[in-house]
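In what comes next, subunit A is part of two complexes: it sits with subunit B in the first one and with subunit C in the second one.
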Partner chain A sequence: MGGEPIVAIVGAGPAGLAATRVLVQAGLRPIVLEEATLPGGQGTRRLSPLSEPYRAALYGQGADAMARREDTENAILAKCDYRPGTLVWACHDNQLELLGPDGFVGQPYTHLVIAVGATDRIMPVPGWTLPGVFTLGGSQVAVKRHASFIGRKVVFAGSSPLLYLAAAQYLRLGHRDLTVLDTTPMAAKLRAFPAMLRHAPRTAMEGLALMAELRRGGVAMLSGGTIRAIEGDGRVERLRYVTRKGRETVVAADAVAMGHGLRAETQLAELAGAEFRFDPDFRQWFARTDAMGRAGETLWLAGDSARIGGAQAADAAGSLAAQSLLASLGRQIPARLLRRGRRRLKAQLDFQRAMTGAFRWPAETVAELPDATPICRCERVTAGEIRATLAAPVGPVEINRVKSITRCGMGRCQGRFCGPALAEIVASAAGETPGRLRAQAPVRPIPLVADTEGAEQRA
Partner chain B sequence: MPKIDPTPLFHPISPGTPRPVRFAFDGVGVSARTGDTILAAILAAGLPCGTSEFDGAARAGFCLMGSCQDCTMWDERGRRLRGCMTEVTDGQRLRSRPYDDET
Partner chain C sequence: MSETTTSDVIVIGGGLFGAFTGLFLARAGLKVTLLERGQVGAQASATNFGNLRLHGRSARQYPLSIRAQELWESYVRLTGETCDIDRTGHLYFARTDRGEAQLRKEVETAGRFGIDSQLMEGARLYDRFPFLAPGIRLAAFSPRSAVANPRLSTPPVARALLRYGGTVVEGCEVARFEHGSRGFAVTTADGRHFAAAKLVNAAGAWAGALAAQAGETVPMFSAGPPQFVTEPLPYRLHPSLHMVEGDVIVRQIPRGNVIFSGYPRTRSLVSGEFTYVPPEKTLRGMRALAESVPMLTRAEIIRVWSGVEGYLPDMLPVIGPSATLPGLFHAFGGSGGGFQIAPALGESLAALVRGEASPVDLKGYGIDRFGKSAEVSDKIRMEFDQPA
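Let's turn to the complex of A and B:
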């Protein structure tokens, strides 16, 4: 490749921002593409103007440090070709396809960093399509973007450290009717804790402090068991679950925030040429990269979209990816810096791996889902329809085949929310490890007609 | 449309915040705070943001971050948008289905 390098970074969350920082410090001017109107990512999402008044209540003593960090990020983005409100919907032949304020634009690149994050991993339950059920991440976005609570009686249900974080955020903003229902038993957390403490002592202790805060605040906390159903007449009225000892329990609620950990957003990486491997601890497919996040000749991946690690890991991974990219351009990177970055990343990733035991993905519960349970929200394909397809003589039992036949995974969200459960249903029938849904452009729905006026409202 | 339940599906953190912005959703007048998203305003009014084309059940948003497309809706020019990602503008007229009802 001759000429000036064209470096594109997709995603302005913690990983993308860290990569941007390193590249700007090295004198480059990368193109930074962000689908949202504000940088910051999801878990570390910035407050909208509407939610800004709640900054001190949400972040307490950390609020000032956070504001300073945002100022630093803004200063760095001012030195880039930063394009908020821009969706990257395809990638081919070293070119990205964009839809943004200027409509449809093709953007060639010589070097690409993908840092598009993750969304909640969802295990469906009967009633999960009722109004009042949101993702766990969504319950936090409700506060940080929409300046709203999702309900008056909120249950945070599933298994994830973010159950406790989201509940704490609601508590700090004055919400007083909160329940955390964590399906992984306390004993599993105690078993995982020593390893968590060893890898990332500060993060582990912050988790304990969060649970203590919830206890002091009177938040009901239940752990262990299986969520049976979310019920109500046209909207959420209660959540039904069975404790580990088999006791049926009902929690009254008008909203449920559900999540079982995070699902890496891998579609764009696949279109850019990444290869994937199944990670048995996380029970999901992550892209293959080297220790620096390099996934190909012109491709680097960083943050949760590469492997689930949280914001601190994303920051470390973003820096490393950028340093590796700079090295490929012939720049000298001090070995000491690389060693420190890799150590920092490894500690956080090992911590997250230890946490997969403390907050389990309940793969086995798909077998217990009633046939009528919708697995695909978009097109309401049920567990029963998927099972019937698997029982029919369709040839090799393979997830993409099952998707084609049932349309589970072909709706508007393109398998983002049904994918993990579909994979488990197919895997239980095939007796194999869960498969991977193939990615396809466009990675988000886009209008068929190019029309530059008002394109920013569409995507 | 399913029956309209006046009980809100979203609750403003500060209930007293003024709601000076007005828009219409499926012909129903809705008020919003300055800077609100379309979805937040609709849910605060107790309205779902549409129905599923497949089983007719109410849709009311899910991921709230532009990924699930549950809050897909249309403006009066027939342009599709995501309610959770789009700031509401005064006088806007929105629909839970595209105008021509073909999709």
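Let's turn to the complex of A and C:
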């Protein structure tokens, strides 16, 4: 490859920012593409001006450190070709396709780092499409972007460390009617805890501190059991669940935030040529990379979009990916630095792997979902329709063909939210490993004609 | 040595060509085994645009095409199921001199075969189709042309084949076949054995390799058009629309999604297993669609796709007996028009396999037509990426 390298980083969350930092320190000026208008990512999402007044309440003693970190990130981004509000909707033949303030633009690259994060993984339950049901991430966006709660009586339900984090944020901002319903039994958490403590003692202790904070704050916390349904007349009014001991219980609620761990955003990596493997602990498909995050000749992946690891792992992975990229450009990277980075990343990833036992993806519950339960909300496809299609003579057995026939996963979200549940339904019928929906551009819906009014005004 | 499954006819390929051929053979009382390397109807039969058009076909193909439309119109009776067949009519429009000349020729050709096709222009055109952009010189409406949902179209045919006593084996890739005194012995990649007196090669874009085993080489190549679909929108775009110049082929389905296809087509990967949709073709299609149907300017596209389709230089399929092996029959290379003709192709080929006269003359579709002076369609130049 001749000429100057063109390094593009997609995503300005913890992984993308770490990669950017390393590259800037090495004297490069990468292109940093961020879909949102602010950098920071999802879990470490920055506060909008509307939410800024609540900074001290939300972050407590960590508020100053948070502000310093944001200043450092801004300083780094100032030394890059930083383009916020820019969606990367496709990648083909060493060129990214952008939709941003200047409309549709093609951006060639010689080196690409993809760090686009993850979203909540959702296991549908009857009623999950009612107004008032959010993802856990959505409940945090409400606070950090819109300075509002998702409801007056809020249940955080599912199985995810984010249940506790999101509830704590609500508590700190003065919300006093909160319930955390974690479907993984306490016994499973206790079994997983020693390994979690061994791999990342600080993160593990932070988790315990969160739970203690919620207990002190009077937040109702339930663990074990199965969510039966979210019910209400036109919107959420209650959540019905069965305890571990089989007791039917009803919790009144006007909003529910759901999540069962995280789901890596993999479409762009696939379009860029990554290959995938199924991870049985996480029960999802991750891209194949080497220990530094390299996934191809010109491709590096870092952070939750490569494998679920959280913000600290993302920071470590972003640095490593950038160092590997620099090495491919012939730069010398001190072996000590690489060893330390890899150790740091491995500890966090091992921690997350241990945590899959403490916060279980309830794969087995798809078998009990009533036929009328919507699986694909975009296309309104129910569990029953998918099962009937699978049971038909010469019915499909492969997830992409099931999608093709049922439309499940064919709508606006392109299976990003219904995909994991669809995979489990197909796997339970075929008795095989859950399959993977193939990605196609665009990564997000794009208009036929781009709105470039902004660009004209600036001109 | 594993057991051999014996039947009267083995059909290789569970696309629409193979499924319809198998169905018509089974309806005539033959014992049919259909072998499909992946899943029934999942390749070009599913990924194509889904037009059942009676317009813009070569004169040679009209007899087959007209018979096929009759069969599509009785699809529910044939299969006992539906596949969203909708007689929307097709509107062809021209924006250039060249397009206008081509459109007049196409209307004349259709007319020769008794196909109704009405030329329209000016106020008459815009009163009826007010969503069209200004500047359209001439249009032709083909009221009997229809659409179907290609993703759903093949499994019902395969299920009908099962009801007539046929067998469908999916996940069954044919490695090789041998021809002997008692017919054909087929061995699959995973070591299964099948035998039959007659063999039908309907393996789509993968049929060339099978034909080569019979010593018959065909200049087939794989390609696919750039296609995309929008989010669901109010149902306003009633006929399927075709810009004669090829930049826009578009239809809306009653649930609201707008489906687009256009030229030039892209060659499939060398592996023959996938066709990329280069983003610049998507962007070009998006612009062309917004220019032709301005009400869609704000529509959002949610997915692109293409397919692995077999094409032959004269843009016509191969249908008929092998020139080298008695008892072997070919049906492949739909060349962008295969979806519509599939049921009539199946009916005609089934007749040939049974030793009867084909209800439609299949002259011109033979596998031995690709000699030195073989015809190359204009469409090869106009509808595909040209070598640099």
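Everything that follows uses one rule, which is that the second predicted complex is superposed on the first by the 448 of 459 C-alpha atoms of A that agree within 3 Å, B and C clash if a C-alpha of one lies under 4 Å from a C-alpha of the other, contacts with A are read in each partner's own complex, and residues count from 1 in each chain.
By definition in this document, contacts are C-beta pairs under 8 Å (C-beta built on N, C-alpha and C of every residue); 3 or more make two chains touch, one makes a residue touch a chain.
All figures in this text were calculated on a predicted structure; none of them were measured in a lab.
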| item | value |
| --- | --- |
| Which of subunit B and subunit C A:T44 touches, first, second, both or neither | neither |
| Subunit B versus subunit C as contact partner of A:H92, first or second or both or neither | second |
| Partner chain in contact with A:A142 - subunit B first, subunit C second, else both or neither | first |
| Of subunit C and subunit B, partner touching more subunit A residues | B |
| Touching partner for A:P393 - first (subunit B), second (subunit C), both, neither | second |
| Subunit B versus subunit C as contact partner of A:I405, first or second or both or neither | second |
| First (subunit B), second (subunit C), both or neither touched by A:V133 | first |
| Which of subunit B and subunit C A:T373 touches, first, second, both or neither | neither |
| Subunit B versus subunit C as contact partner of A:F417, first or second or both or neither | first |
| Touched partner set for A:Q169, first subunit B, second subunit C, both or neither | neither |
| Touching both subunit B and subunit C, residues of subunit A | 411-412, 445, 447 |
| Touch list for subunit A against partner subunit C, complex | 89-90, 92-93, 95, 97, 104, 106, 392-398, 401, 404-405, 410-412, 414, 440-442, 445-449 |
| Residues of subunit B defined as touching subunit A within the complex | 2-3, 5, 7, 9-14, 17, 33-37, 39-40, 43-44, 48, 52, 54-55, 57-70, 72, 75, 77, 79-82, 84-86 |
| Contact footprint of subunit B on subunit A as seen in their complex | 35-36, 42, 48-51, 53-54, 119-120, 129-135, 137-139, 141-143, 145-152, 173-174, 234-235, 254-255, 374, 377-380, 411-413, 416-417, 444-445, 447, 454, 457-459 |
| Contacting residues of subunit C [partner subunit A, same complex] | 38-40, 42, 46, 151-152, 155, 158-159, 162, 168, 170-171, 230-231, 276-280, 282-283, 286-287, 289-290, 296-305 |
